[in-house]
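Once you scroll down, you'll see the structures, which are given as structure tokens.
Here chain A shows up in two complexes: once beside chain B, once beside chain C.
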Partner chain A sequence: MNRYVFYVLWCDGITISGLLLYNLLLDERFSGSIMAIVISALSGMIFLVTITKSLGHFPKQGLPEILRMFLPAGARVSLLIFFSIMTITKGCIMIGYASSFFNLYLIDVKTITIIAFMFITVSWGATRSSKTILSTLELVLFICIPIMYYILTKAVFSQGIEWNSIKAMADYAFTWPKWETIAAANSVFSGFVGLIIFNRVVPSKIKWKFIPLLLIVNLHILVTGLLISIGIHGTYGVGNYIAPTYSALDSIGIMSGLFSRTIMPYFLIILFLLLIYAAVTIHVGLELLKGCFSMKFQTNPRKEQLLSWIICGLFTVITMIYFNTFTLKQIKYHTVNWFELRFYTEFLMVALIALFAVMKWKRRV
Partner chain B sequence: MIEAFQLIKKQLSTSSDLKKELVRIQDIELEILYLVSVCDEKKIKADLIFPILECSGKEEFKDYLTSLPDISKPEKDQDILQKLMIGHACIQMENELFLFNAKKVLNNQLGDASSETAIYGSQRSFSDVIDTNLNLIRYRYPSPNLVYEKSKVSGVPQTEVGIIYDSLLVDKGVLSELQTQLASVKPEVILSAAHLQRLLTTRKYSLFPILMITERPDRVVLNLKQGKVVLLVEGSPFVLIAPATFYDFISSMDDAFEQLWISISLVVLRYISIFITVLLPGIYISMVSFNPELFQAQLAFSIAGSRANIPYPSYIEVLIMMFLIDTLIEASIRLPKSISAAATTVGGLILGQAAQQANMVSNIMIIVTSAIGIANFVVPINSMSFALRIVKYPFILLASLFGYVGLIAGLFCLIVYLNDLKSFGKPYLKVFIGEHEKLGKL
Partner chain C sequence: MKTIYLLVLCFTMAIQSGCAFKDIDKRIFVIAIGVDKSDDINNPYRVTLKLALPTQKLDPSVNNTQIISENSKTITGAIGRITAKTSKDLNYGLLEACVLGESIVNENINEPLNWLSRRFDIPMEGMVALGKPNAETVLKMKPRSENYSGNALFLSLSESGSISSFTVPEHLYDFYRRTTEKGVDPYLPVIETENEVYKIDTAALLDKQKLKVILTPDETRVFKELLQSYPHFEITTKMVDQPFVLTIEQLKSRYTIYTHNKNKPIIHVTVQMRGIVEEFVNQLYEENWTKFEKHVEQEEKTKISSLLKKLQKNGIDPFGFGLLYRATRHEGDKEWEQWQSIYPEAIFDVNVKVSILGTGAIK
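The block that comes next holds the complex of A and B.
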């Protein structure tokens, strides 16, 4: 197993829970978000194991190459375009969300200015080679993870946490969740989408003992964030905030060290993670899109770069317009629906690759 | 060949240091042609002219001549002129031409290791002459696998460049890429190893050095053992090592000699220093102008208090101080040693008390400036230290536009840029835990 595979899955879980999922799951806290986490962990693991086993049959090949072997051109191109748009949108939504919150907490610049600036940075990262992105990912995690755990530990043991309100949540543990809550919670484990491209450079095998470890690290971050928010604001009070976790961290002071409040180092870390997360997802989306074109086009670095930058520019403009038109509350509703669509997309992706792996295996036998 | 000899005589006739000697003793007739400035006349007399007197005839002298180790026969006409220029004497004897190596070497003294010092490492640096440097390396690395290849860059005049590597350990891909790049270098003349380093850098706009430059024989031997390729340049006391990784520039030779925990702590200290020297100006700007609430309230108050009398925004303050400290560093490097002490004293006074008392900059800014300067000097290799001096300016710009968001984005871009760099096909920013490919596996 290659350590980069683990990084891709790890980074996805941490970032998406830190930026989006806390809000979505806290909204549904009385209607089964705890159960949703458990179910989504199961489904996520099934997806992960299926896709890593299937990709093992296609060494050094990404999804575009696999589709090229089995599908006619029309089906291949439409599938790839659909997958790539879904993947790039994931990055765009995260950048948009984060920019809105950074606008509230960090700088007083217009949200669209921050979005544009972040997109320039991320696009530059995303248009590099896969190897560059993977080693950047390693370094970013190396810097961020220790501080992340320090902050969360500090927060969990802070005086302000009311453990009774957390215990009260046990009453809602066995409520059957709504379908979209499961779909949203499942996105913690959707890091495997990166593997369909990174399979070209690193073999996406994963040892069985790392699967529970992955489950633990991703769920730990997700559950800790939820606990802190509920513990600080109370079981009902949590519903009054637009970003409960950030408000909770904002109210916790780090008595030791340079920083005064927990939220500031947390934001710096989450910003750093967001940049690499968005670079990874947009890179994967761009590579999928490039798979639509002929091999001759793909070997021309000049045209390839131009195409990547055009796509990035297009998505920048769309994201800017979208986040300028709608309010955060509307965007939240859209995001929940988008998460459901994402779940089906990923299911289709996993099913297709598994099917092709079986076909290849049968051919050989 | 004989026509070539006459032609050379004609071509060089305007040089006053050309010496033509016609020797006619018994039946032996010799014509010797050499440049006095680069040839050892004593050697020519002792090895070529005195033996004539002891020889009985023409045949015996010819046998003696061909048996000398320093004698060679030119293969091409072009060879003769080239060799004459680097200290060979050309001998014409009975329609035959010989080249006699009578190099006069004046600058083969070893200097003190001054630009890269180490406490326990070698105290001597390389000399200006390839042969002396090769001697130093051979004695330190007595392995039969050590290969020395002479190479020349294309174009006239040709500076001699030597390639050294351990044939068992060397990465073949790196070696062949280096050789092809060396063959494609077309300068007027190579001034020094650092000049060759710049010519070998294929990226047009580059900031970080992708070849290691060093004057220490022990570092060269360490790198040979790691399977790297070493380039020697005639006339330069520095050598180049390829491929280089970022970590090489942060390691000092003493790291290999100290106890494990000491060297680990020193390396960590250097990495922290890099972060300070690159990020601290940006952090100061973001803290003063964007998010004073980020740090403890007391710290924010004391910074705000010290800035109370400063009439302009923080980034102007930072730019003034950064400009002053960079000019001070530059001045103290370029000035003659006797004046540079005075320059640093004057500069230190200005940067220290006067600027603060005149309300030009705040107290804290002076501490920040000196922290940046000191942290910058911790980087052991100068080329990397200079690169890091430049890197902080984009960060100042980003921080003045977007505060911490700009700073983090800049750090992200820096990491991506360093990861994207390749030194002769090898990744530049190999993280220290990934030294071997095997370690990539969990």
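The block that comes next holds the complex of A and C.
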């Protein structure tokens, strides 16, 4: 197993669950969010196995090259533009959400300023080469994961957790979830989107034994966060909070050196993870977009960089306007719908690559 | 080209307005807040803030806090008026104690509690307490032992300083959880002032909105023993006309609810304690300890039963038997309706098991 593949999938899972999913799933806690996690784990694993097996047939090729082999120019360009917009939007939504949440706690700074500064960093990261990004990803995960687990372990064993509240939630485990909830929970496993580009530099092969490991590390962070929130705020109280997990972590004293409020080191980690996550996602989106152009364009580094920066600048402005116009309540409503669209997009992506893999295999035979 | 990039970067720094962050010398930290009912009918809330003044050295004799109070229609309004009196920006990031006056707890706690939970900058980890006779008196008092401005209250309330068997600590998040969760009711430690010390030896029990009953210190000791699974208390009884005191070192309590017989639901309370003899004039090492254990068990059993019956009579459930019922049954929303008819009729079956571990340094 190539460890970089694992990092891409891991980083995606923990960042999305840390920032967004806790809120969405806790709102649906009585109407089937536990079942949604189980179903999404199944579908996520099916997607992952299919895409890694299929990409094995295209060594050192990304999605643009694969599409170039099988599709006419018109279909290829429109598909690539659609995929790249969906991927870049994912990064933008996460940056916007994180900025809004940071703004709730750090009242002095405006959301728009935080978004601008985050985009400067992220755009710089996203315009580097795939190899640079992957090695930075490894570094960031090495710094963040231990601290994250330290905080979560501290929280699970703290006096404040009411285990009876968590047990009471078991009654609602077998409620059939809404489709939106499944689509949202599924995003924990959507890290494989990165592999369609990183397949160029690292082979996306996964040994069978690493699939349960991936399932465990991604679900573990998700489920622990949900348990802590319900344990600290109670089954009904948790619904009263805007950001239940942040408030829950705020309730636990860690008394470690500089930090008296647990929320501050947690925000620091989330910030690190978010920056690298957004850089990875936007990098993938940019590479997909560059695939629309001719080979001659792609080999000209000057033009390539210029295009990347223009696209990043465009999305910065759109994100700033969007998060400045709408309230967090409206944005949350839009995000749920966006998650559904993302699910269909990823399904299409997996299906296409699997189809082309079968075609290539048949031709050779 | 690179020079142009650098110039552009420098320019972006210039257009960022530099006053977004206020420096620490322009801020003042609120360390405790008190909410009371005022005598003025038009401005019913009286809010008191305890502000920490920066000092150059630690000196317990220097008064390093400032108290400001204001009346208003709402809590936010009162805070706004207090802000008009201070020169520095109020910062709630280190707020450690929220004291609710007895008058407000007697009426309705929802508004002050809502205000405290709604603000993002107030740490949910802070302590809550009931101030008697009012919150302002409690905040105005400065204990002699206090080094850092205003931390004496936090040290006694949070158990990070002294650990007393009569002080029941209550955090803000836990208090809010208990007011929203079905099947468990809130409680508050009661703070009284007594020349230059805080006296926190009773607990106030609330339903979801207001004060129901204030326990006596002895009941509070039993209450704390059942509430928390870590022991810091002594049991005092009389053996052969001599006072006999046992310091408890280990404690395990378990609750089970039996509803097999629909007319007679039973709540089993099992408490296991192990302790060391701390005070007894006579020799006891050579004697059979079972006699002593049985005596303590009997005494403790009556105390626990009478406390549980008192709570049941008042219709409050701070130990969370209702939540335990919801956790152990699997019928969804119906459980809560069932429990409301079960609790008033339940019979308590209390089992206490005491073991004496040793007799201390002498026989």
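One rule holds in what follows: the second predicted complex is superposed on the first by the 359 of 365 C-alpha atoms of A that agree within 3 Å, B and C clash if a C-alpha of one lies under 4 Å from a C-alpha of the other, contacts with A are read in each partner's own complex, and residues count from 1 in each chain.
Keep in mind that, in the parts below, a contact is a pair of C-beta atoms (placed from the backbone, for glycine too) under 8 Å apart; a residue touches a chain by one contact, two chains touch by 3 or more.
If you're wondering where the values come from, they're calculated on a predicted model, not measured in any experiment.
**Student:** Given the touch rule stated above, what does A:Thr132 touch, chain B (first), chain C (second), both, or neither?
**Tutor:** In the superposed model, A:Thr132 contacts chain B only, not chain C.
**Student:** With both structures fitted on chain A, tell me whether chain B or chain C touches more of chain A's residues.
**Tutor:** For chain A, the partner with the higher number of touched residues is B.
**Student:** Scan A:Arg261 for contacts with chain B and chain C and give back first, second, both or neither.
**Tutor:** A:Arg261 sits against chain B and chain C alike.
**Student:** Should A:Glu162 be classified as contacting the first partner (chain B), the second (chain C), both, or neither?
**Tutor:** second
**Student:** Using the superposition on chain A described above, determine whether A:Ile232 touches chain B (first), chain C (second), both, or neither.
**Tutor:** The answer is second: A:Ile232 touches chain C but not chain B.
**Student:** May I ask you to decide whether A:Ile211 touches chain B, chain C, both, or neither, giving the answer as first, second, both or neither?
**Tutor:** neither
**Student:** Is A:Asn240 contacted by the first partner chain B, the second partner chain C, both or neither?
**Tutor:** second
**Student:** Examine A:Ile252 and indicate which partner it touches, taking first as chain B and second as chain C; both and neither are also allowed.
**Tutor:** second
**Student:** Just to be sure I read the superposition right, which of the two partners does A:Val109 touch: chain B = first, chain C = second, or both, or neither?
**Tutor:** In the superposition, A:Val109 contacts both chain B and chain C.
**Student:** Looking at chain A, which of its residues have contacts with both chain B and chain C?
**Tutor:** On chain A, the residues that contact chain B in one structure and chain C in the other are 107, 109, 260-261.
**Student:** If we count contacts the way the header does, which residues on chain A are in touch with chain C in the complex?
**Tutor:** These residues of chain A touch chain C: 104-105, 107-110, 113, 160, 162-165, 167-168, 170-172, 232-237, 240, 247-248, 250-253, 260-261.
**Student:** Give every residue of chain B touching chain A within the complex, in rising order.
**Tutor:** Within the complex, chain B contacts chain A at residues 290-291, 293-297, 299, 401-406, 408-409, 411-413, 415-416, 419-420, 427, 429, 431, 434, 440-442.
**Student:** How about chain C: which of its residues touch chain A in the complex?
**Tutor:** Answer in residue numbers: 16, 20-22, 93-94, 117, 120-121, 123-125, 171-174, 176-182, 184, 320, 323-324, 326-332, 335.
**Student:** Which bits of chain A are touching chain B when the two form their complex?
**Tutor:** Residues 1-4, 6, 102, 106-107, 109, 114, 117-118, 121, 124-125, 128-129, 131-133, 135-136, 138-140, 142, 202, 207, 210, 258-261, 264, 267-268, 271-272, 275-276, 279 of chain A touch chain B in their complex.
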